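Every chain is named by a letter (A, B, C and D) in the order it is written, and numbering of its residues begins at 1.
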Amino acid sequence: MSQLLQWISAHQQMVFIVVLMIFVGIEVIGRVPSVLHTPLMSGANAIHGVVIIGAIIVMGQASSDNIPALVLGFLAVVLGTLNVVGGFVVTDRMLEMFRKKK
Amino acid sequence: MSQLLQWISAHQQMVFIVVLMIFVGIEVIGRVPSVLHTPLMSGANAIHGVVIIGAIIVMGQASSDNIPALVLGFLAVVLGTLNVVGGFVVTDRMLEMFRKKK
Amino acid sequence: MEAHILTIIYLLASITFITGLKMLSNPATARNGNLTAAAGMGLAIFATIFLYEGSDGKPLGNYEWIFGGLLIGAVVGTLAAKKVKMTAMPEMVSLFNGMGGACAALISIVEFDHLWHAEGGDPVFMDRMKLLIILLGLIIGSVSFSGSMIAWGKLNGKVKDFAFKGQQVVNNISILLVAGLATWMVVGLPGDMYWYFHLLLLLALLYGVSFVMPIGGADMPVVISLLNSFTGVAAACGGFLYDNQVMLTGGILVGAAGTLLTILMCKAMNRSLLNVLIGSFGGGAKAGAVQSTTGGTYKEINVSDAAMVMAYANKVMIVPGYGLAVAQAQHVCHELEKTLEARGVEVKYAIHPVAGRMPGHMNVLLAESDVSYDKLLEMEQANDEFKTTDVVLVLGANDVVNPAAKTDPASPIYGMPILEVEEAKTVIVNKRSMKPGYAGIENQLFFQPRTSMLFGDAKKALQDLLSELKSI
Amino acid sequence: MEAHILTIIYLLASITFITGLKMLSNPATARNGNLTAAAGMGLAIFATIFLYEGSDGKPLGNYEWIFGGLLIGAVVGTLAAKKVKMTAMPEMVSLFNGMGGACAALISIVEFDHLWHAEGGDPVFMDRMKLLIILLGLIIGSVSFSGSMIAWGKLNGKVKDFAFKGQQVVNNISILLVAGLATWMVVGLPGDMYWYFHLLLLLALLYGVSFVMPIGGADMPVVISLLNSFTGVAAACGGFLYDNQVMLTGGILVGAAGTLLTILMCKAMNRSLLNVLIGSFGGGAKAGAVQSTTGGTYKEINVSDAAMVMAYANKVMIVPGYGLAVAQAQHVCHELEKTLEARGVEVKYAIHPVAGRMPGHMNVLLAESDVSYDKLLEMEQANDEFKTTDVVLVLGANDVVNPAAKTDPASPIYGMPILEVEEAKTVIVNKRSMKPGYAGIENQLFFQPRTSMLFGDAKKALQDLLSELKSI
């Protein structure tokens, strides 16, 4: 428990960022019309693809004799990229549909 | 310039907090009906009275032989408290008016 | 351990500020929102006093001074806030806002002194970023302080509007001067900085005065809202200075929300912020100047006829405006409403969002005289009901019922949504003369065939109407 | 220097994520919002590759692997996203979401390995908080991965709904098991943790499967949205692990927004999230069970009569529903619309927000067949126009036109706003049988005097109508 308190205190700014971000996330979406639910979900899906950055770091820091780390890291990069690229492209396609004839 | 860059980097989390807070501030208020403009202004006014915390720190850290610091610090505490207490009380009075007969 | 708990309390306080502000922007939760933020603030204050540790690990001292200051501030603040008249509330807010600004400036002064002495009077090795933050806090706090004082003076009539040709130019030059001096101090770290610092303080205070001076008294709510967000930013500077999250978040929150609120207020009047600040119109002084250009003929009605028309109507709609507030006629107005209702007439109020001189002015005013909440119609509702209304009684309102807002693109109020009273069968307008209102423009409504003018001070006219009604 | 620039780029990227998401929630700006966020993401990715420095100050290596991975992922992702059919998009999103979850889990696996080897295989001195974060990332990522895979399988029909009695209990026990094991690992730091770690991975994967398995296929959009926010939180764990602001903000942003979006989706169907997750109804399998309780009599209409009625109407309103999507009849529908318009009949579509099986389903479907955007009326508009409509053609819709939502408080859809088609002069309902729809309840609309049933597959019925119309 006291370890947790200490950790929070040491990372207080990160904790603040998390809390603020929660507010931002909730507020930003508050007024979305239901037609946009699917594209919004898809767009958000692409954004959490930011996990790719972690994969890149893992990959980039793996020492070249650590085969398992290299393989797993490589897999992570591929999957993360799929998430990001596929996510944004599919969202764009959905939204294109909506606006086609406007 | 590079000093600024370095400072931003060193305080990156604070900078993030500021940016996020701006988003929060804007989003949170987005839908206020105009009847509430005055109480909202007044409530926000009370909240920036949080500057009182700075005044308390100044006051609490002033060495007891530093008369100017003591006097200025004391003044700051009084003014800051006026801001906070007066601000919240006056806001409450305004809002009481609105809800009287509901 | 103390420091960890303090961190968490600060986090909680920041959350109460955010949720409090959010609740404040909804009528149903507003009051609780204010209390929520206040509770968070109280927590943060006491936690700071007892748990704060400086960078050297020492707790705070000088408790007697701190509590003395808190006590004085709390007592005076509470009394002032409780005593103030309803209509004087905006000036009270301005005063409190000024206090906050002054507090921020004082902190900067003391911290500059520390920094100066720490370097033994030679600023060559000063921490530039720290200096920058101190100067920012000083400038913004001072401008907010002196500007708020002027705004306060204007609202209670002690300070008159004052502008001269080229004022805008002088203002722009002074702000450039302030910014230039501050930049130079940070970049050049001049040896005689101590003196420049106080020059900067003086300049900032003066700028606050000259910034607010030319703006019309009626625009003060907007100015106060702007200065309010300034003080927020000044408080945030303190947050950077002490690496203090709650000051940072609270300050920035108000800075951002206040700026948006200022813009929303301007929008509600269909003006831009720039337009308000440059003060192109809005001075009460100007109101007389533009009057009566088209002329045309209008009908007068006398008190007994007006009383008769209303007594035999099915539905009367009252449109209150600035004149009602000036005449302090809200109580008589409520009397009239009750007398009419006793005769079986349905009476309602149509509230325009920017009627009067501050947002919500009419709601507060009528609430003060015990008018029931569900008799107050918002603009949209009211506009739906005018068609079925027999008599509209306009009491000291002008701009908010001016059809030019819909029809005349050249009008300064063009585009502002208005109360469409001309849809009712009869319109009776009470004001003292044919003079225009806040926006300084003619009102064609007064010349329409269905409109009759009932001249006189609102309070007097209502009293006369009341006694006529009772004798019918 | 590089590190400073990287920080600022991360800040920019976070801002693009926030503004992008904000723009995505408004139809006019949605597409640009997506591009904005994508641009920020690209920037962050390349800045990381070239500017990132580990805690030891070393830049990243293994460029060939990184770029190889990026290239493969980008090519496959783009192709998949471009090739997928419009109606299969939700399953695509689910697939991509699973990839993100897997990525987060993989990161945790590698980092656990590092941590393990750094301690030389003895976890006594492990950093507990770091371990906790790694485990959280592992669990949430794995659940999101396996859950998304099942959701994907359900949507494309490869996986069938499967539930047994007590499934809910088994689920609750497994999540408790997962949480308990993780807590014990963090608190007890057992020496054979390496094995427990992989057990945890397995359990989490299994939980993801058993969590999604019992939920009805039609509820998958809600589940995907929930898993989407899970992956966001998993990404944020990575942010904590690497002290990386952009992962933290991006992840939490999606976590919070995704959770809210999930709730909003449920609300639009007038259900609670809990109700969806426990799967009390919603399985397409159940639909047949509750049917035809009240009975009553309904009228049938044959194709030529239906064609006649529509051909001589002034205004026809088409209400598309899930059946239209199943029958893939959108193109024929558009044909019908054009043919009617050519005869001078005014044709419009009334779009209910939750018609079909995913939000916006009908809009996407009709857009695919080139129906003009301004022919699509939202629910409120449509409800205003039904009074002046001669013929309403309901195509494979059921719940969204069920008057029980307004009249029967006992009905599971009570309170959901519906399309009030019964206000029109004539209602023609096309479906294959009298079976109920998604909610599994009877529809009184079918038994009303103004309603006639046109049985048959939507595509077939429309083709028949079309040829009849051409021969009139």
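The rule is short, and it goes like this: a residue touches a chain if its C-beta (ideal position, glycine included) is under 8 Å from a C-beta of that chain, and two chains touch if they have at least 3 such contacts.
Predicted, not measured: the structure shown is a model, and the values here were computed from it.
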item	value
Intersection of contact partners for chain B and chain D	A
Remotest chain, chain A as reference, centres from CA atoms	C
Distance between chain centroids, defined by C-alpha means - chain C, chain D (Å)	45
Separation of mean Cα positions, chain B and chain A [Å, integer]	33
Distance between chain centroids, defined by C-alpha means - chain B, chain C (Å)	17
For chain D, residues contacting two or more additional chains	18, 245, 249
Junction residues of chain A, two or more chains touched	13-14, 16-17, 20-21, 23-24, 28, 30
Chain contact topology (line, ring, star, complete or other)	other
Complete list of chain pairs which touch one another	A-B, A-C, A-D, B-C, B-D
Parts of chain D lying in touch with chain A, wherever the complex brings them together	13, 17-18, 20-22, 24-27, 30-31, 33-35, 37-38, 41, 44-45, 48-49, 52, 54, 59-63, 65-66, 68-70, 72-74, 76-78, 80-82, 84, 86, 89-90, 92-93, 95-97, 99-100, 102-104, 106-107, 109-111, 113-114, 128-129, 221, 224-225, 228-229, 231-232, 234-236, 238-258, 260-261, 264-265, 268, 351, 353-354, 358-361, 363-364, 367-368, 370-374
Touch list for chain A against partner chain B, complex	13-14, 16-17, 20-21, 23-24, 27-28, 30
Chain C partner contacts - residues on chain B that touch it in the complex	3-4, 7, 11, 14, 17-18, 21-26, 28-62, 64, 68-70, 72-102
In the complex with chain A, residue positions of chain C that touch it	1, 3-5, 7-8, 10-11, 14-15, 18, 245, 249
Chain B residues within the chain D interface of the complex	2, 5-6, 8-9, 12-13, 15-16, 19-20, 23
